[in-house]
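Every chain is named by a letter (A, B, C, D and E) in the order it is written, and numbering of its residues begins at 1.
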Amino acid sequence: MNSYSQAFAWLADPAHWSGATGVPQRLLEHLGYTGLTLIVAIAIGLPVGLLIGHTGRGREVVVPFTGALRALPTLGLVILLALGLGIGILPPLIALVILALPPIIAGAYSGVESVDREVVDAARSVGFTGSGVLWQVEVPLALPLIVGGIRSACLQVIATWTVAAFLPLGGLGRFLYDALPNEDYAQLLAGSILVIVLALLVDGLFALVQRLVTPRGVLAGRTADIRTKTQSPTRKDPSWLAPEKA
Amino acid sequence: MIEFRAVTKRFPDGTLAVDELDLVIPPRQVTVFVGSSGSGKTTVLRMINRMVDPTAGTILIDGDDIATREPVALRRSIGYVMQNSGLLPHRTVVDNIATVPFLRGEKKKDARARARELMTVVGLDASLADRYPAQLSGGQQQRVGVARGLAVDPNILLMDEPFGAVDPLVRVELQTELKRLQRELDKTVVFVTHDIDEAFLLGDQVVLFKPGGTVAQRGTPSELLEHPADDFVAEFIEAGRPRSILR
Amino acid sequence: MIEFRAVTKRFPDGTLAVDELDLVIPPRQVTVFVGSSGSGKTTVLRMINRMVDPTAGTILIDGDDIATREPVALRRSIGYVMQNSGLLPHRTVVDNIATVPFLRGEKKKDARARARELMTVVGLDASLADRYPAQLSGGQQQRVGVARGLAVDPNILLMDEPFGAVDPLVRVELQTELKRLQRELDKTVVFVTHDIDEAFLLGDQVVLFKPGGTVAQRGTPSELLEHPADDFVAEFIEAGRPRSILR
Amino acid sequence: MNWVVTNWSQVSEYGLAHIWLSIPPIVIGFAISVPLGWVANRFAFSPGVLRAIRPVLLTVAGILYAVPSLPLFALLPSLIGTRILDPLNVEIALTLYAVALMVRTTADGLAAVSSDVKLSASAMGYGTARRFFGVELPLAGPVLLAGLRVVSVSTVSLVTIGSVIGVNSLGFFFIDGYQRAYLTEVWVGIIGTVIIALVFDVLLVLLGRWLMPWTRRQRISRDARLAAAEAVSA
Amino acid sequence: GNNGNPLSNDSGSKGSSGTITVGSAAFPENAILAYIYADALSDAGVKTDVKANIGQRDRYIAALKNDEIQLVPEYTGNLLQFLDSTSKVSSSDEVYSALQTAVKNGGGGKLDAGKAEVLDQAPGQDADSYNVTKKFSDDNHVTSLADLKNVKGELKVAANPEFATRPYGIPGLKSTYGVSATLTPINDSGGANTLKALLDGSVQLADIYSSDPSIAKNNLVTLADPQHLIAAQNVVPLISSKVASAKVKDTLNKVSAKLTTDQLSDMLKKSYNDKEASDQIAKEWVKANGF
């Protein structure tokens, strides 16, 4: 379609690749905003998630709470904060941290919870301390899910920072907001393509990280096929695995 | 010697798992707990290394009340082997065996060297050292579990249905191996099973639990066999016998 | 009568699960497949109701080649009971038992009424009818599984380690019950187990499988016991015997 | 509060519009994801290229999710020939997001159904289709529900972005409130959106209880719990 | 044909079933005007429907061309610029007559030739205007756009993003007055954040609509425009010819006749200061003016 060739022509134009409004600058800004958001969100969400997963406590409170966080419309939040705090990076930063928290927290607690209770129990039995269990057993085994949570948070943050260009900020969203009223569809499409490509690259990177952090021993245990094998008898009452105290 | 004095365990949900248990487990012998599902065998076993704390009563090891011992340190001094081995899936075989030495802060190199020795002791081929648990057969995993239990040369070894999940042929092999090991190492072993035949095969002393967490009878295998204390004991032993023409 | 003629099964990944099997399963008797893990028992069993199709060879039921039968219809005419019962967790006990009648399009009311009758036949209390499988004990679940297998009054009942996952005491009960049922109902039963004692207890005919999907020996329990065909058979039978002073 | 009372007609009009805009993407997204999820699993163990269907489907879903909503809304007319002011643009975009979120969940949920149960269903004579609708789909239900709840909440919240291109919902109050520097109005938009999301969520949970009576009385399996966990961490 | 511009989509005109759909741009004043048109028309017995908040000019003009809306309140100067960017006229009457021609000709394809028209223009104007703080004005002796040349240091203008390319925006400032300025894009059409940016000194100039009550409230200085960079901006209804019956024209012309700049300012005060909803303000005005 014609708009695509225009968009690629836009992308090919060297004029769009230099200066303070050029693609590299906007890309860096976007990455910077995204990184900052993730760092803040991880710093808040990860400890909370790990704690819930490890102790099994607080789930009843935090899980519905993160559900409610998901319901908060980011655009409204950005505007609300912008009206309250004025323009600047803070309003969208706060709004996007809120957006990023639910997947990060959920990834962390469900990751820890997904670790076989029998393994955790065995670790305690041989003399791991509480924090030993968390850091040497639960976290390594939960890492793929933890990274998975951060991964989807990151995708959403990259996509949503474009909405925040509603305010006088840089980032790739600038190309979109500046294009909309000026009928510059080539730029609109080009901007979208840039965001998508960025998201894909980052996503691919995370996929790689996720693979790298999956413990080798866990990978080794995965079988591809559903066998006819009937399992040997196992215990039926795992209730004693419920941690008596954390 | 491990001694239970009027030990009761009631779980927070109200289940009475162990009821006023008095029991002496003699040193350097194999004591087997046997009984049907839910009779409290695991709970009693786990009270020895303070994975479960009693609601009432005292437990003494060599005369010392374990309630005064720090649970983590206590656990590191007691070997523990469980069904499905409970190995750490993200650590290799040697590292699994050396878990407790690592925890105690021993040098990695020394701990690994000792772990390799233990592999020979429990009859594991040295070539398996760098595999992950998932790459082993069930029987091999159980051997790793036993090796891990022995890694700190504990006086006490707790085994909770360690051979419950393996093939009958492999099971026979592991039982024979355990008998050999016990002759060599001479530990205080507490072994849980619900197979009366296994209990009689391995136990110097057998403790038969009744549902509700009480002891139905305690004694040597021949005592139980020849003088069952009551109908429950007789019936339980009977169920374990082959009912086919094998008998 | 079920007849296997030179049946071979090689799975797509290359595993040779069954190798040139010739076997006759007589009608109105219990034939037990026994053997260690991976020896092909389940595969052979599943070929009877076409859950697995052989790579080569023919299987006949009462003289008809089953390869010509429509698999879904064939399965609905053969009872199947498996370990862990395989009940549908989202259906109540009666509805689980009435599954196949429902599938055949019978009236719900009639099918449920018959399911309730079957509950009595297999010794289940009527009050359990509206529970979900997860609310039953392991033994009760197995009974429901058996009732479901009998729901369409099939001539053939396939049972794959149906009692493998239950308590020894319950197991004895279920075995006794199965013997009683078989006397009453007089079906062709094919029963898989890896417990030689169970095989000898239940089987009119026992087929002992060797790893690699071949038959080591076939015969009545006393034939196997008195004249083991080779060392493998002798050793397998030996492993099943109690090794404690019970013997 | 006062403002809400005096402007109730506007609030309720946009609130209703919000609800109507939210429902189709959730429902249609779900309806599309189920067959896609089935396809993803169906060929997961097939030989050759078919095996690639699952990763390809899941990757495409991932890409869809990475598309920022605003330009998608604006560009859809040129891509599929819808009219400019048509709410359909927003509906289609949100449906795409719903599918993007839901396909993985459906695939995981269906894969987590115990193979024992599937096997015994086949052994009793369930045909493929019947087994899918009678056994696999209901048993994957709890996982699907977990995923659907996430989809529902995020759809209700994303609908607001439509206001930037004139497809009005409670999001209108954000734009209007922004231009008039009127915090109350923005609050009304946010709270209204959250209320709608929570009501949808409660309805979904109730619907799940009603459709899956057996889940009330038992724990779900470890695999299913894992799949549900993946769904909520999306 | 769809030559890649999503908004030049002319797929099937929906034969209007007697209902006139009034569109509006995404700022409160325009929405109020749209509701006024709609209310006045329905009082005159014409069925109407309002689609508020469509977006910027390109979107609602495209929607008009596409027959998704039939009527929209417009501003003469900006609409003329949009349809004919070469136009240099700036007085009210010149702009209006040039606009009539441009609309008739279809404005270079942005509208279909002969399918739309503008009705009478209202006396009321609401133009973009460059504003500075009183302090800036005093410190730098700036009261007119022409004075900006002499100001040392960077000049930043807070405005909507389209200001970067519009002839009355950054490019016009350069070509007409020789002033170089950069844009700080804020999407609130001269709203609170634009004002805030001006007051806290992060920009020196702000584009605020001349009828905005905040100009007076904050003591801002609106810079004079001696070279007529910003054309006259009388309010005018842009309508599809096929719905422009005598009755419709008559009603809208009566409305326009009463819309003075003061009236606009009053209504905006209600919106910005009293936070009334646009449709409410419109209703009151229509009632007060006897339709």
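Methods note: a residue touches a chain if its C-beta (ideal position, glycine included) is under 8 Å from a C-beta of that chain, and two chains touch if they have at least 3 such contacts.
Owing to the predicted nature of the structure, the values given are computational and were not obtained by experimental measurement.
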{"item": "Relative to subunit C, chain with the most remote C-alpha centre", "value": "E"}
{"item": "Chain-chain pair with the highest tally of contacting C-beta pairs", "value": "A-D"}
{"item": "Most distant chain from subunit D, judged by the mean position of its C-alpha atoms", "value": "B"}
{"item": "Separation of subunit D from subunit E, taking each centre as the mean of its C-alpha atoms, in whole Å", "value": "39"}
{"item": "Mean-CA-position distance for subunit C and subunit B (Å)", "value": "34"}
{"item": "Centroid distance [mean C-alpha coordinates] between subunit C and subunit A, Å", "value": "49"}
{"item": "Computed distance of Cα centres, subunit B from subunit A, in Å", "value": "44"}
{"item": "Set of subunit E residues in contact with two or more other chains", "value": "4-7, 55, 187, 192-193"}
{"item": "Contacts with two or more other chains, residues of subunit D listed in rising order", "value": "74-75, 78-79, 163-164, 175, 178, 181"}
{"item": "Multi-chain contact sites of subunit C, meaning residues that touch two or more partners", "value": "37, 46, 82, 84"}
{"item": "For the subunit D and subunit C complex, residues of the former touching the latter", "value": "47, 114, 116-117, 119-127, 130, 135, 138-139, 141, 212, 214, 217-219"}
{"item": "Contact footprint of subunit E on subunit A as seen in their complex", "value": "1-3, 5-6, 82-83, 86-87, 166-168, 174, 177-178, 180-183, 185"}
{"item": "Complex contacts: residues of subunit B adjacent to subunit C", "value": "36-37, 167-169, 172, 175, 194-201, 221-222, 225, 236-237, 239-246"}
{"item": "Residues of subunit A that touch subunit B when the two form their complex", "value": "116, 118-119, 121-129, 132, 137, 140-141, 215-218, 220-221, 232-237, 240, 244"}
{"item": "Contact set on subunit D toward subunit E in their complex", "value": "3, 6-7, 9-10, 74-79, 81, 83-86, 163-166, 168, 172, 175-176, 178-182, 184-185"}
